[in-house]
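Input: structures, listed below.
Look at the two complexes coming up: chain A is in both, with chain B in one and chain C in the other.
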Partner chain A sequence: MTRSLGAPEGTARDGSGRSPLKKVLVRGADVLRGHRDGLAPAAGMVVLGIGVLTMPAWLPATGFLTLTDGVLAGIYTLLGIGMVLLLGYTGQLALTVNASYGIGAYATAILTVDDRIDPWLAMLVGIVVNIVVALALAFPLFRLQGHFLAVATLGVALMGYTVFEAAPVTGGSNGINGIPTLSIGSFHFVSDMAWTYLVWVIALAALLACRNLVTSHFGRAMLAVSGSEAAAESSGARPFWIKTLVFVVAAALSSVAGSLYASYAGFVSSSSFDLTLTLTLLVMVVVGGLRSLWALPFGVLGILALSAALQTYGPSVIPATGSDIPIVGYGVILILFLLVVPGGLASAGRWCAGQAGRLVARVAATPATQPAGGLYGTASSESRP
Partner chain B sequence: MTPVFEAIDLNKSFGGVAALQAASISVEHHRIHALIGPNGAGKTTFFNCVSGHQQPESGKVLMNGVDVTGAPPYRMAELGMARTFQNVELFPAMNVLDNVLVGDHLEISEGPVAAMLRLPRHRRSERRARSRALAALERTGTAQLAHRLAGELPYGSQRLVEIARALVGGPSVLLLDEPAAGLTAGEADILRELLVAIAAEGSAVLLVEHDMRTVMALAEEITVLDAGRVIAVGPPGQIQANPVVIAAYLGVGAEESGEVAGS
Partner chain C sequence: MGEFVVFLFAGLTVGAINALTGLGLLIIYNVTGVINFAQGDFVMLGAMGTILFAGPNGGPHRLPLAVAVIVTVAGVAAIGGLVERAVIHPRRGKGPILLLMITVGLSLVIEGVVLIVTSSQTYGLRNFSAGGPLTVFGGEVSRQSLWVYGVTALVLIALYLFFSHTRSGKAFRACEINPLAARLVGIRPSRYWTYAFALAAGVSALAGAAIAPVTTATYNMGLPLALDGFVAWVLGGLVSPVGVVLGGIGLGVAQGMLDGYLPTALLPYSGAFPFLVMVVVLVARPGGLVQLLPNRRV
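Here is the complex of A and B:
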């Protein structure tokens, strides 16, 4: 009984048994069609890992991206995870990411600028401050629902920005200069390549941990809260604590992103923490897929590539456009994606994988004696509808 | 024998209109208790007041003799109460199995860090919860739907899945708001057998139901609400013959009800 439950209808079990190649094909077909969730994280890590390892080769080859974009993509991925968890899984439009990102960045900037304390320790301090702030904010904020929450968090976001601009310790729009870089033992992270790898090791670890979280009872409670708070609560999941947990996780990850940014750039100023950041992230998350952690890096890189391409080639197509052109593009992309592919690249990818899986399953089910022409014939007839 | 669950003299009004007036009920282990009454009698308000989704203005709610009046829904869940909703509150974006697993939330005690690191003990908890959820689906006859999205299911299946979610945690009190509404005859049969089995295992079952065939076949005790008041309590035979109940259902004056009952 359980066996038939574990494998939903249409699983290509029929072709199993004979040759090892067929077994591999059958398994591959199941993975592609999403029937074996257990292998998804491994596959995701392998694909993203290879993508990251080869970044120094393919990023500059695009002509408009550099390794700096690779580092930034890792930082944006860390920021985007919080938004996927909050908005995608828990259904809470909380727009305070610029504030938590800024707190992390300024913690590192202020504490390390004269080599006062170790940058890693400063990162930890940033995390702790962010968690305390997130807990303090959660109590008033999560009494609010829907658009009331969105507006209230927008207020917090603006307050955060104002503090970063006006507080005596932040340097305002002049910023803080001369922030030392991170180091492990005697190795100092200086080159963009070293930074790309460092930032992405952290980002991929965070992705994996949060993927584990969303597939656990917490993730189910998060989706339950976004589906029906009354039913979630009757099942024993406390909506307030679930929202607070996610808010705290998001703040901690943003804090790490902020600290990494400060150490990498060596300079922070308030303009990095305005609402443009929140809007950009929102577009990245929607493009990747609101409920997909694995697709997030693709959304981030896609938008970074588009914005770099617009800045490189935009002025030659439409003269007299400056650096604001990506912002116009974001709006268009946001609307297009929400209308055409609301599930983002994740749903598009899942659809393509499903099609490929069906094709592989068909190939695996074909008798081995059949000539190659027959294989392709069957496969193409399958893919037609 | 102390009742596992008791509500005493609950009062609740909305904008001056009394929805509940001194409504009481007492439910025991191993028993199926039905709450019936004409539309607008206050049955759903009663459910909401005892499950913590609404606060009664006065009166008491007791679980195992302990006063838990005003406790929020998650607290009632911790105390062993589970419920379904009149309009089926499933989580549409999750598959059926995950929906039922939410009902088992309290049985997985590991914290967020254990979940993030996927520690072995958390994996074991998840596995156990998963087999309990599959067993609950099996009992409601919806196991073959485990991997379907809840939002895509026909109405009757959604109801049965919601019942599976309510019973997966092994509640001591199970509140069901119109569980038979929208079920096919075959599904209703499964439901009836299931409720008898759940009561036999020791749970107290309290159901609001319009389908009199189900009520009369299952309930050992029936409480009748009309305009927020309890107008009758007793076994099915008595309730069927009660002139006050017949009057309330047919909407005729109490003095004429004798005729109606006699005819």
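Here is the complex of A and C:
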């Protein structure tokens, strides 16, 4: 967000000599218009934190969502982070998320089902396996660019799904039953509320860590790769390693999500790891905003809510469509967002905040003794360059 | 021998459909550079439309089959052109990945609309010609399979004649080879984006009509077909029509043989075979398998 560099013209920044209320208003206007970036992540964290803490209250109140959706939203957020990093920041449409998610889930399922090893250790094993697989795949796959990468990774994803379905050790579509839940010390995660908090603590920590990643030197290199690999390389960045590292991070996060899912659900079967998952995630990520980590949970929750609402109320409007009905909404939403709001909820939110900030700045700059549109009014209502 | 022939014919039927889907992908890719994720859904629309107009199996016959097929192919071609105008055209030049994602959305929308209309039911279609299977070289082949081969051959010949002997076909190729030069001689490449989608949708719809009696039709039959079409298209080196047809048929036959002869323990994995081939070819030989042939001026 280079906008914050330097003081842009037309800000109502100089509020000296005015009443404290006006100072607050001027400050607020600048924050809303994105001139003070430092506060935005803190605000995002606070809003998300409050939203998650109050989930047990507001999720059931919607009438069609339950706390299970709260847990799933956290898991999807973990999966979505990888896609935002890969697709949004690095410009690589890699569709292997269902495979890495599956590897994580099956690692937990297979290793813990007869209490063989501790679930946390199994999660770690899943991460390690995923990192090894991701590294092995990155070498051939990242020789491909653009949509060829998408086609090749789609092939890998479908091979992964076939293996999950066919390998004797995974139980195929019958799945694996009786996976023990996670526990810390003597506390066992059993209730949906405990699970919601556990999953979201992990998801928010991952969001925060990845936000630090994308605002770092490395993050700028990721953006450079998404702009032009040749240009990035000529500036000293190494596109192959950047893409590989982001791919590995995404695989590790998906692995954690998969392990959490297996421990939460107590049951995994191959149908959880098909292409529908990847497409659903793509819709969620586009709705949130391809280049926004903070907006991702909103996209995830929005699509989960849409899906749940369609499944609850859809059959009464459009009879006999069964449980496949959410895809009707997914396609329309995906196309609408890509055509109308390509920046997703993040850019829509930023635009709204900017408008609000402009309004506040105008109010703040209007001297009480003068009518609106006086000297200060015209000066501050100039549009930003 | 008889067993082998049966597997061969089964593979050829799948291969012919792969080839037609792959050709649709190729037509769109060559002109627009877009990978159309919704290609399989055009096949599904072709099958569903023909069933709708001709009357599903078990119900009363409506239109004669030939009329139903023609109406459907024209209708799906129109749909293909319209969706290009509506959702692809406004985002031309915004990069292949965005356009690919839009076609993913398109695929979901088409499936969703058909889901609402058909209520996720499976429909069958009567065979194009009555009569039991024929015996060839000691193996049986259904009459509908022969129709599939015939339709494929017909489409290939028609496309060949169109692209090499007609003015608009040559204009298509001009847009592929050099859009800027095409504009200089009065061809509007942007308009050929729409035509390419319409043509590809029409070809796929015809394939859908031909396989409907064999495979039956459901709203979500498109994605697996599109995926096999991708493999055929990659095998053909992305730009060569002959390569795509050979790739599609080769893939179908190989899959048929695998399904027939693979040991039982490995059989569940045979579904991964096309994708393994696709990934290996994309990574190791991006020019497709046609590069192996001595003279690839196609």
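The definition used in the following text is that the second predicted complex is superposed on the first by the 356 of 385 C-alpha atoms of A that agree within 3 Å, B and C clash if a C-alpha of one lies under 4 Å from a C-alpha of the other, contacts with A are read in each partner's own complex, and residues count from 1 in each chain.
Definition applied: a residue touches a chain if its C-beta (ideal position, glycine included) is under 8 Å from a C-beta of that chain, and two chains touch if they have at least 3 such contacts.
Please read all numbers here as calculations on a predicted model, not as lab measurements.
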- [ ] State whether chain B and chain C clash or fit side by side on chain A once the two structures are superposed.
- [x] fit
- [ ] Based on the superposed arrangement, let me know which partner A:261 touches: chain B (first), chain C (second), both, or neither?
- [x] neither
Open item on the list: Looking only at contacts as defined up top, I'd like to know whether chain B or chain C touches more of chain A.
Closed with: C
TODO: Applying the touch criterion given at the start, work out whether A:330 contacts chain B, chain C, both or neither, answering first, second, both or neither.
DONE: second
- [ ] Considering only the touch criterion stated at the top, classify A:249 as touching first (chain B), second (chain C), both, or neither.
- [x] first
Open item on the list: Going by the contact rule set out at the top, does A:220 touch chain B (first), chain C (second), both, or neither?
Closed with: first
Open item on the list: For A:76 in the superposed arrangement: first (chain B), second (chain C), both or neither?
Closed with: neither
Open item on the list: Is A:189 touching anything from chain B or chain C once the two structures are fitted on A? First, second, both or neither.
Closed with: neither
- [ ] Considering only the touch criterion stated at the top, classify A:232 as touching first (chain B), second (chain C), both, or neither.
- [x] first
Open item on the list: Given the overlay on chain A, how many degrees, to the nearest 10, lie between chain B and chain C at the CA centre of chain A?
Closed with: 80
Open item on the list: Looking at A:338, would you say it contacts chain B, chain C, both, or neither? Reply first, second, both or neither.
Closed with: second
TODO: Compute the least Cα distance separating chain B from chain C in the superposition and give it as a whole number of Å.
DONE: 12
Task: Touching both chain B and chain C, residues of chain A - done: none
Open item on the list: Help me check something: in the complex, which residues belonging to chain A touch chain B?
Closed with: 1-2, 5, 8, 209-210, 212-213, 216-218, 220-221, 223-224, 226-228, 230-238, 245, 249, 291
- [ ] Over in the complex, which chain C residues touch chain A? Could you list them?
- [x] 35, 87, 90-91, 96-98, 100-102, 104-113, 115-116, 119-120, 219-220, 223, 227, 230-231, 234, 268-269, 271-272, 275-276, 278-279, 282-284, 286
Task: Contact set on chain B toward chain A in their complex - done: 51-53, 72-74, 76-78, 82-83, 85, 89-94, 98, 101-106, 108, 110, 112, 115-118, 122, 126, 129, 131, 134, 138, 143-144, 146-147, 165-166, 169
Task: Touching residues on chain A, where the partner in the complex is chain C - done: 87, 91, 93, 140-141, 143-144, 146-148, 150-152, 154-156, 158-159, 162-163, 165-166, 172, 275, 279, 282-283, 286, 318-322, 324-325, 327-332, 334-335, 338-339, 342
